[in-house]
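Paired with subunit B in one complex and with subunit C in the other, subunit A is shared by the two complexes that follow.
After this line comes the complex of A and B, so read on.
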């Protein structure tokens, strides 16, 4: 172990000595210090802090990733090219210990730099907090929508599987199912399963829709919120409509809270009359005492225009649906911004640790420039893997739409190879905490744990194992171009 | 040859082949750029700001990739309803595509129209509308000065988004804008003629570009400029694109505006605002601008500072503003419509004259339409009554009244637009314009008649008679009536019942009181005389009706009721109501004082004003009360009853 630590210590010293590392550190300091002056967000204090957090953490992650790639590729490759490696391997140290030491040194350096940048960014956020806000709502939005850690809960849904089964039985009794829906051995065939799933989807969509002039109640459960805690919770929704209102403004109302619940802290529910642009996300800010002591929140959506109370003829009639992913949710505070911020930094560190391993792996058999190129390709693919997968799915779903485009046709042809490549490349984009942190959403320990397990442990171990295996078999005296 | 060398040569050959393979594609790409209008209209090397030029040069060929990434991010965040980064992304996208007007137009539209309506407070909405406006005005247009679309979109933001009533919060935009303009230019003289309004802008149009020039041109201003600098006014401060306001607006105009309103209005009506603090620095500032011996120098400095802020922050050229007024009348620059006209006119200047192509003709037509709509709005509610609220500009008092000075201009524009539509072969639109023109003139005749502008009203009735005839060429019967008959024709139909007559007379009286509150005593007299005429017109065949079933109350009683109504329920600011109370005739004040007192006390309380000073008890009240004892003393604490409306 002491040998690994010795190599790691040497690597840290080497990293600090290298000019390129100094350049990156200076860039990091300049960016963190200059961003608040350059980035004004949307003019609100909340927007300013959100933009600063997004860009400063993004820039930190990118700069440290580039630094990691350069350091990990340069260190081993330079020692090979400069023949210093001969001195090292002639000492009583295994080659795997040498590589692990290099990786550990880079990881520690990353952690130190990330901690430094993290403290700087946090100090800037603390400073920005003290600057002028637009109005009281802006101040509250910063406190309760950004500098917090909020969990999201979706409405509880009835057991649609049981309802779908009942519906299938009814159709069977009425002899309205095709013969192919039945499996020869009893039960449902593939066709039958498809019909059942479709019924289930339809029921779910109906549940998440409200007819014209209708009312729909949604219950949000298991909200672990301290009932004595003051503050705000947020109902976030995006309404789709079947018939567009003339001015694209949906007039509706939310009635929130259940005063009849045992121990309810409200004597009457909160009412929010709305005039919302359709197909856009909107937020209703609700005092947290609307949550019942048992952790449930009752929310009633009224698809009526309360300006014309009772006069239904004057109201615009449209069905309203919240059936899209995340179209209806309640966000409530479960932790502090500081803890969330710390978890986010740790998740970024997990990415850097993996990248360091990939860099060491590349430099174990490639020269510095080629290893850098390889790492950059892996890194860019890894951070955009979500987007690339989405694009491939889009292409596969509708190939005819791209027939006229040569490049896209080529992309369709190369889809299998791209899919395999994306599968091999680490899914860094799935562990990007910045968007959630900026939105004041919880970066959970479970998510961090998964990142640590997959990026920091499994994939890093695989990369390092491969690196050690290759390096052990490598002829170090061979000249590499 | 070594293996390494062979690999190098092979790689070089592949690279060369790849470059050669791209060469034939360049022609196709260039043709596509022209077909898709992707070639810049402007010279790419002219007037490019350093930061934009540096960004473009630094990114080089990667610009396209960066633009793609930013568009994808902007689109994704918009989908997710996250707008905090929208301005930043729009700015970066536009920096990377600075000579592509459609990009600026799209981003500005997105902010002013799409994002703004997703917010639910007036401050946030105004922020987004302003962001959209600023992106076009401060960055897009300077980089694309020949892009008609950008001027048109900017004019549309002023005309429709801010000046119109489509947006739930349009009043707060109007108030915010009026606040900015009034702080800078001050309120225009009420009822000023075109010459007076134009002359007011003359010193600004002729103002020098810098303080040094001002010192050189007018030596006597030097002490005054020095004093201002000692008071913290940096005369050389310039506006930067990211600034929220011009430095001079904070250091000079915020202080200067307190010399003119709203306190002065409150002082005019004999009301001291208790929140006004005695501030030595303010007093020094006041002395600089109220010294009669230096009035001319003070005016020159004021003109210079106003012109500087207009040019630098608002991108308004005072000389062009004068030209626009010369053409379209005495515009009030606190109104959004005046700015819509200004920017539409600027757009008009960049359309190539005589090009004759469809695009140019359409652009010119659009400009005319915008100007026409803006003038129509000014005619209907462009006479602005405004009391700024410096702490919360969107809670300032803003009231729009018809501005009859624009009838003649609008009449001429109607004719121009109708002619254009006819020349384009758009007969249906031309007919609609004619119909609209006739209706507009009919309404204008009534307004002018009520306002006492008989000759003008007669002129337009003659125009209608001569130009809007029956299909067989005979004049229309209604236009053959006398002016008096023509105006009262509508009222004759409306005054069919006691209730409708009551409403018509009370409305006319209310308008008369509003004019008195605004200080227009002559207009008040005309409106009152009109109320009398309607009253007499209705009552002429009811004098013998002794049952009181169809008769209106006595005229003076109705007048007293409408004054009480105006004071207790009218939308006017407390300062105007205090002025109205001061100017109202004593007998009417005595008649209503005990009715309205509770309401006036509450009103004064809301504005932190002493009610006894703003609405003092009329003289001789004791004697009046003795002569007119109240029947129901329990009602003294009730608000003034709504009678007559």
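After this line comes the complex of A and C, so read on.
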């Protein structure tokens, strides 16, 4: 262990004394200090803080990732080129200890720099918090929607898959399905599957929309909330309309809470009459006691303009839909911003630790520039792996849609290779906490745990094990003539 | 110190072929090399550039793997990590971390040997003192001259007090003082039973210190054997005496002719070797306290590298000539010197001890120059001691 630590210490000294680390620190200081001055977001304090948090943390993650790539690729490759490694490995240190030492050094350096940047960014947020806000609403928005950690719950839905199956059976009995929907071996063919999926999507969309002048009830379940604690919950929604209302202002109402429930803490539901710009996110803030003791919250959407009580002829008629991803959810505070922030930083660290291992792996068999190139490719793929996988799924599900396009046909041909590559490349994009943190959403311990397990432990170990295997067999003084 | 009775380093049919980019065999660096380095010997490894010396050393260190054949160090494979605890290696160039200073460099390598902190620090300071880098220990190694880098390279090779020391061109870039110090060091370590493999193009250096030599050419062994046996000229006899009058020389010639019927081939006055001359000039400059921003002359050999207990004879002489080892005018108060340290005694001992002519001749020429002769001791006195203790090495100094 002490040998690993010796190599790690040496690596840290190198990182600190090489100008590259200094440049990183200077750039970071400039970003943290200058961003609030340049960026104002939407003019609100909440917007400023959100913009600052998103950009400064994003910049930190990117800069540290680049630093990690350069340092880890240089770690072994540069020592091979400069032959310092001849001296080190002629001492009683195993090859794997040398590599692990290098990795550990970079990881510690990353942790130190990330901690420094984290403190700087937090201090700046604390400072911004004290600067002038537009109005009470703005200040509250910052407090309750940004500098917090909120869990999110989506409305419970029926089992649309079962309903789709039932409907398919009905259509089959009524002989309304084309012959091509049936597979020769029984069950549904590709066409049949597509029809089934369409039915399922339609059912889901229907559930998430409300007809003109209609009412729709949604139930949110499994909300863990301390009944003794006063607090606010947020109903967040974005309404799509079939017919645009005058001035794009949708007039509707939310009735929240169920006083008839056993042990209900409210005598009557909360009512919020709304005049919202359509297709934008809005938030209804209500006291947390609307949640029933069994952790359910009943929310009723009324697609009516309450100004004309009952006079339906005067009302604008449109159907309203919340069918997009995250168009209707309830958010409630479950933790502090500070803890959330810390977890986010740790999650970024998990990414960096993995990246360091990938860099060490690359430099265990490649020269510095090639190793850098490979690492950058892996990094870029990893941060966009979510998007790429989506694209590949799309391509797989519907290959006929891309016919005629040469590039896409090539992509179809290369699909197996791409799939394997994406499978091998770590999915860093699945563990990006910044958006959620900036939105005041909980970066949960479970999520962090998964990041630590998959990125920090499993994938890092795999990369390091591969590096050690390659490096053990390598002739360090090899010359190619 | 070696725990094995077999060879310290051994190669059996060692062959190394370097390939080109396409995997085709291109260069045969070593070709069926059989070699044994015995415990406690100083083995000279000679050969022109590209003859395979460094390749052999790199295989012995596990930096290269043999194409065919085998290599063993202390009876184990070179890839065995534990074996490396007993090896010291000075590569042909000092591959050091440019961002570390000298002290940090030694500390780093000490850590790799898992030396406890106190021991590490003690050895580091001693080695820095020994290689004359104490004054510049805080400077980054990247700023060092080649010779200074060489010195720190030597220090790192000794940090573990190795049983086997592999020195690849140890004296390149070194000034003559450093060169001389390395030779003294090699002798001292050999005396302690350490095994040393010395690769060098400087044949005089090899001749000075090695017990056995192997000569490589084109990856093959061309010669191997005891250096004295290889170099001895059995048909000649040399007589060395204090300066003689011309008529005495004539009588000796007559005597030789009468008794043996042989001719005296030549009578000459031995000259200082350039090395000795250079060392003397530098010592004089140092005595005049001229400053230098480079490496200083090396200090005494690090204590942990010296033979203790074994060398009672040497300790006796050391104590007798201690005055010569300390620089005149140093902060040492003169009152602390014991009567035995006084210059006249030292000279007496030297006269008794000296078998070579040079040093003695110097004293005859400059009898009153005690203070001048003093500082020379660091390098020269070592050979004085050598000749006292190990008469077999005497001729190496001549």
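Everything that follows uses one rule, which is that the second predicted complex is superposed on the first by the 378 of 481 C-alpha atoms of A that agree within 3 Å, B and C clash if a C-alpha of one lies under 4 Å from a C-alpha of the other, contacts with A are read in each partner's own complex, and residues count from 1 in each chain.
The rule we apply is simple: contacts are C-beta pairs under 8 Å (C-beta built on N, C-alpha and C of every residue); 3 or more make two chains touch, one makes a residue touch a chain.
For clarity, every value in this text was computed on a predicted model and none was experimentally measured.
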item: Partner chain in contact with A:39 - subunit B first, subunit C second, else both or neither; value: first
item: Which superposed partner A:89 touches (first subunit B, second subunit C, both, neither); value: second
item: Partner chain(s) touched by A:65 [first = subunit B, second = subunit C, both, neither]; value: neither
item: First (subunit B), second (subunit C), both or neither touched by A:475; value: second
item: Partner chain(s) touched by A:2 [first = subunit B, second = subunit C, both, neither]; value: second
item: A:14 touches, of subunit B and subunit C: first, second, both or neither?; value: second
item: Residues of subunit A contacting subunit B in one complex and subunit C in the other; value: 481
item: Interface residues, subunit A side, partner subunit C - complex; value: 2-3, 5-7, 9-10, 13-14, 17-18, 82-94, 475-481
item: For the subunit C and subunit A complex, residues of the former touching the latter; value: 18-21, 26-27, 58, 61-65, 81-85, 87, 89, 91, 93, 95-97, 99-100, 104, 108-109, 111-114, 156, 160
item: Residues of subunit B defined as touching subunit A within the complex; value: 4, 7, 72, 80-88, 114, 117-118, 120-121, 123-124, 127-128, 130-131, 166, 168, 242, 244
item: Residue ranges of subunit A in contact with subunit B within the complex; value: 39-44, 46-47, 50-51, 54, 134-135, 137-138, 236, 238, 247, 249, 275-277, 280-282, 387, 439, 481
